[in-house]
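The structure that follows is given in the form of C-alpha cells.
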Amino acid sequence: MKLEKLRTEVLAANLEVVNRGLVLYTFGNASGIDREQGLVAIKPSGVPYESLTPADMVITDVEGKVVEGSLRPSSDLATHIEIYKAFPNVGGVVHTHSLFATAWAQAGREIPCLGTTHADYFHGPVPLTAHLTTEEIDEGYERATGHAVVRRFAGMDPLTAPGVLVIGHAPFCWGATAMDAAHHAVILEEIATMAYYATTLNPGCGQLPQAVQDKHYFRKHGAKAYYGQK
Amino acid sequence: MKLEKLRTEVLAANLEVVNRGLVLYTFGNASGIDREQGLVAIKPSGVPYESLTPADMVITDVEGKVVEGSLRPSSDLATHIEIYKAFPNVGGVVHTHSLFATAWAQAGREIPCLGTTHADYFHGPVPLTAHLTTEEIDEGYERATGHAVVRRFAGMDPLTAPGVLVIGHAPFCWGATAMDAAHHAVILEEIATMAYYATTLNPGCGQLPQAVQDKHYFRKHGAKAYYGQK
Amino acid sequence: MKLEKLRTEVLAANLEVVNRGLVLYTFGNASGIDREQGLVAIKPSGVPYESLTPADMVITDVEGKVVEGSLRPSSDLATHIEIYKAFPNVGGVVHTHSLFATAWAQAGREIPCLGTTHADYFHGPVPLTAHLTTEEIDEGYERATGHAVVRRFAGMDPLTAPGVLVIGHAPFCWGATAMDAAHHAVILEEIATMAYYATTLNPGCGQLPQAVQDKHYFRKHGAKAYYGQK
Amino acid sequence: MKLEKLRTEVLAANLEVVNRGLVLYTFGNASGIDREQGLVAIKPSGVPYESLTPADMVITDVEGKVVEGSLRPSSDLATHIEIYKAFPNVGGVVHTHSLFATAWAQAGREIPCLGTTHADYFHGPVPLTAHLTTEEIDEGYERATGHAVVRRFAGMDPLTAPGVLVIGHAPFCWGATAMDAAHHAVILEEIATMAYYATTLNPGCGQLPQAVQDKHYFRKHGAKAYYGQK
C-alpha cells in the first residue's frame, strides 16, 4: 500500500474536524499531498467516519486520477488539487461546513480581524471568494471553485491567511500538513463564532488596531516568534 | 407481531432524532408506512424513548385505526397519514420541535436557500404552511395540519423539498423511508441554524444563485448525481 | 428521619435541572411541600450537587424555621414559602438561572406565546414580575420576591402558567410535585430559547392565534386532554 | 521540587477552565503566587493540557525569571505579574479566550450589570481596558497589557470586580487563590453570555437597580453575607 504515513495523517485530520464538532454526517473532507511523488491522499466520498481506516483513503495523481483505492474520492477533490497546484508550500487541505464559518460565507462577508484570537492565526481578514460565472459552474464546478480560491489570493502568501470562505458555500483551510489544515479549520470556526457575537453586539466595532494585529501574528509566526516551546 | 422490520426501522428513526439532539423529553415522533399492506407504524404518544422497543410501535391502518398495539399512537398520527395519502413516494415521516427549524416556523418565515448545504437537500426554500382557520382547528386539528402541508405542496414534487415548516408550530420531514425522514429532519435543523446566523449577520444577503442551487441539488439527486459511492 | 419520600423526590428534582444543563455550580434550588404536615424540604445553600443525599435536604416549617437538618437551607427558601402559601395546589418549586429564561428576565420582557411548544405548557405569555421597591429589598428581600410573584398572578390560576420571570433575576417554576416543577423549569428554558431565536429572526412576529393556543393547551390539560397514555 | 501545593492548585485551576469548556486547544493559562516566597507558578506555554502534571508548572520570581522548570512559561506571564504586583490581595490569575467574554472585549463594550447572577459576583459593570499605544505594544506588550488592567482599576478594590476585559483581546480574572480565579473566569463567561442574549433581545434594557445590585453582592460578600454554609 502506497503512502501509509500520509494515509494515516489524512485520516487523523479527517477525524480531528469530526471530533471537534465541525462535521455533520459526512459534510467534510481532508487531504494531504506527497510533493515528491506528486500524489494526493483524500477521504472517500460519502462514507461514514466511524468505519474509515487508512486503507480507505483514496490516492490520486495531481490531475485527480485515482492511482490506488477502490472507493470514489471526495467530490471536492478537484478543489483541493487546484489549491495544491497554486500554493506550493501547502501540504494539507481541509473542507468543512462548520456552522459559523459557513454562516459568514452565506452572508457574503469576509471576517474582519476583531481580536487577538484571529490575529494569532490570520494576518488580516479571512478572505471571501467571488461568485463563479454560470459557465464556470457548468464546466467543472469543483475545479472552478479552486480557481476562485486561487484568484482571491493573487499577490498574497497563502500561509498568512490559512483559509478562505467560498461565497455561498463554506470554508477551505490549509497548512503545512493535513493536521495543520485541520487545526486551522477548528481555529477558523472559533474565530468566525467570536466575530459573529462581537459583530451582532456592536455592528460598528472596528478592526483590531494594525499594531496589535502585527504583534499577535508575529509573536507566533516567523523569525521573531516566541510563543510555545520552540 | 406484524411488520417487525418496519417497527425496527421506525424505532431507529425515532432514536436518530433523539441522539442528534433534536428532541426534548417526548417532543417528536417518527413513522413508516408499508404501502402494500396499507399499514403505518408510529411511536406511541408521550412514552419516554429510553424504554421503547420495536414491539411498542403502534400499527394503524391508513384511517388511523389501531390494528396492533396496546398503547395510544402519537397524537400527530393524523398529520402523518395525510402526508402518506397525498405523497405516494413517501415511506417515512418525522416530526420534531427542533430548535432552529421551530424558530423559523414561529417567526413565520420560509427558510431561503442561502448556501450549498441547503441546496444539497432542498431545491428551493423550505416551504411554510398557511394558518389554519378556526373551523379547521376545531374539526380535526391534526388532520387539518396535514391538509395544510399538502396544500402548500400543490404542483410540487415533495421529494425535492423533503420537509415543511408548519407555521407557529414546527417542522415535518419525510423521505423514502423512516430513516431518510429522520436524516432530513437532522439536515433541516442544520440548514435552519446556518440560515439563522447568516440572516442575522447580513439581513440583506440574497439567495444562492440559481445555477449553484441547481448544481448542488443535481450532483446529489437524479440521473446525473455523482456524490457518494453509487 | 422525617419525610424520606419527599426528600428523595426533592433531590431528584434538583438533579433533573442539573442534568438538563440548567445549573452552573450551585445556581439553583428545588423544594417540595408536605401539605398535611406543613413541612417543606429544600436543598441546602451552596453545597455541590455531586455529594448531595436525601439526608442533606433541609426540612423547615412554613415560616421557614428549620425543624430537621444540620445545613443551612437555600437562601431562596423565603420565596418558595410565599409561593406555597399563596398557591394551594402547588407541591413543588424550582428556581434556576437557566440561560435564556434569565436573559428574558434581564431584558425585562414577558415571553409571548409564539408557538405550540409554549402553548402546550403555558396558556398565555410567561409572566414577568414588577420591580421591588427599595423598602421591600431592605426588609426581607427573598420574601418580597415571593410577594412580587404572587401579586403578578392575582386573579390567575397558577397552574395554567407554571412559572414566572422575576425581573432582573431569573425564573421560578412550580407544579403539582417537585419533579413537575423541575420539568416545567426545563420546558420554560426551551420555550425561552425558541422565543429568543424567533424574535430576533422576526421582531414583528405575532403571537400564536388564540384558537391554536387553546387547542394545544387543552389537548394536554383539563377534562378533554388526549395527549399521552392516560 | 518547590511549591508542590501551589503547583497542584495551579494545575487544577488550569484544568477547571478546560473542563468547563472555556479553552480551545491551549488558549488559556492560570497561575498562582506564593506571597511569602515571592514566587509564581504558571502553566507552560503551548503545551497540551492532557499531559500536564504539577511538575510541568513553571516557577518564576516576580520579575518573571524562571527559577525552576525546564519549559518556557506562558507568554502571558508578564501580564499576570503586573496584576500580582498591583493587587496585593490577589493569589491567582486566570486568562482565557472564552467565547462570550471575548466577544464583549472584541465589541469594545463593558458588560453592564443586567441581572442578579452578575451582581452576585461583580459589584458594577465588568470593566474594559483602554487601547495600548503603539509604543507600549512595541516595548513589552504583555507587561503593558498588565499596566492597562491596573490603570483601569485605579481607585477600585479589585476583589469587587474580579475580572476585566482587555479590549480587542479577552478576559483576565483573579481571586484569592488560583482556583477562585478559575471560578471567576467561569462565572464571567456565564455573565457575558446572559448579557449578550439580554442585550440583543432588548438593546434598551437598563442596568439592574442599584439597590438590587447591592443586595445581591453583599448577601454573598463582606461582613453581612448569608449565602452558603458559612
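Letters are used for the chains, namely A, B, C and D, taken in the order the chains are written, and counting of residues starts over at 1 for each.
Note that in this section a residue touches a chain if its C-beta (ideal position, glycine included) is under 8 Å from a C-beta of that chain, and two chains touch if they have at least 3 such contacts.
Nothing here was measured: the structure is a model prediction, and the numbers come from that model.
Between subunit C and subunit D, the superposing rotation on Cα atoms measures out at 90°, rounded to the nearest 5. Mostly differing positions are employed by subunit B and subunit C in their mutual contact, as under half of the interface residue numbers are shared between these two copies. Distance between chain centres (mean CA atoms), subunit A to subunit D: 33 Å. Taking each chain's centre as the average of its CA atoms, subunit B and subunit D sit 47 Å apart. Touching two or more other chains at once are residues 199-200 of subunit D. A list of each chain pair in contact follows: A-B, A-D, B-C, C-D. In the complex of the two chains, the subunit C residues touching subunit D come out as 24-25, 27, 44-47, 71-72, 75, 97, 99-100, 102-109, 131-132, 134, 137-138, 141, 168-170, 196, 199-200. If you check the complex, the residues on subunit C that touch subunit B are 114-117, 183, 186-187, 190, 193-195, 197-202, 205-206, 208-209, 211-212, 215, 219, 226-229.
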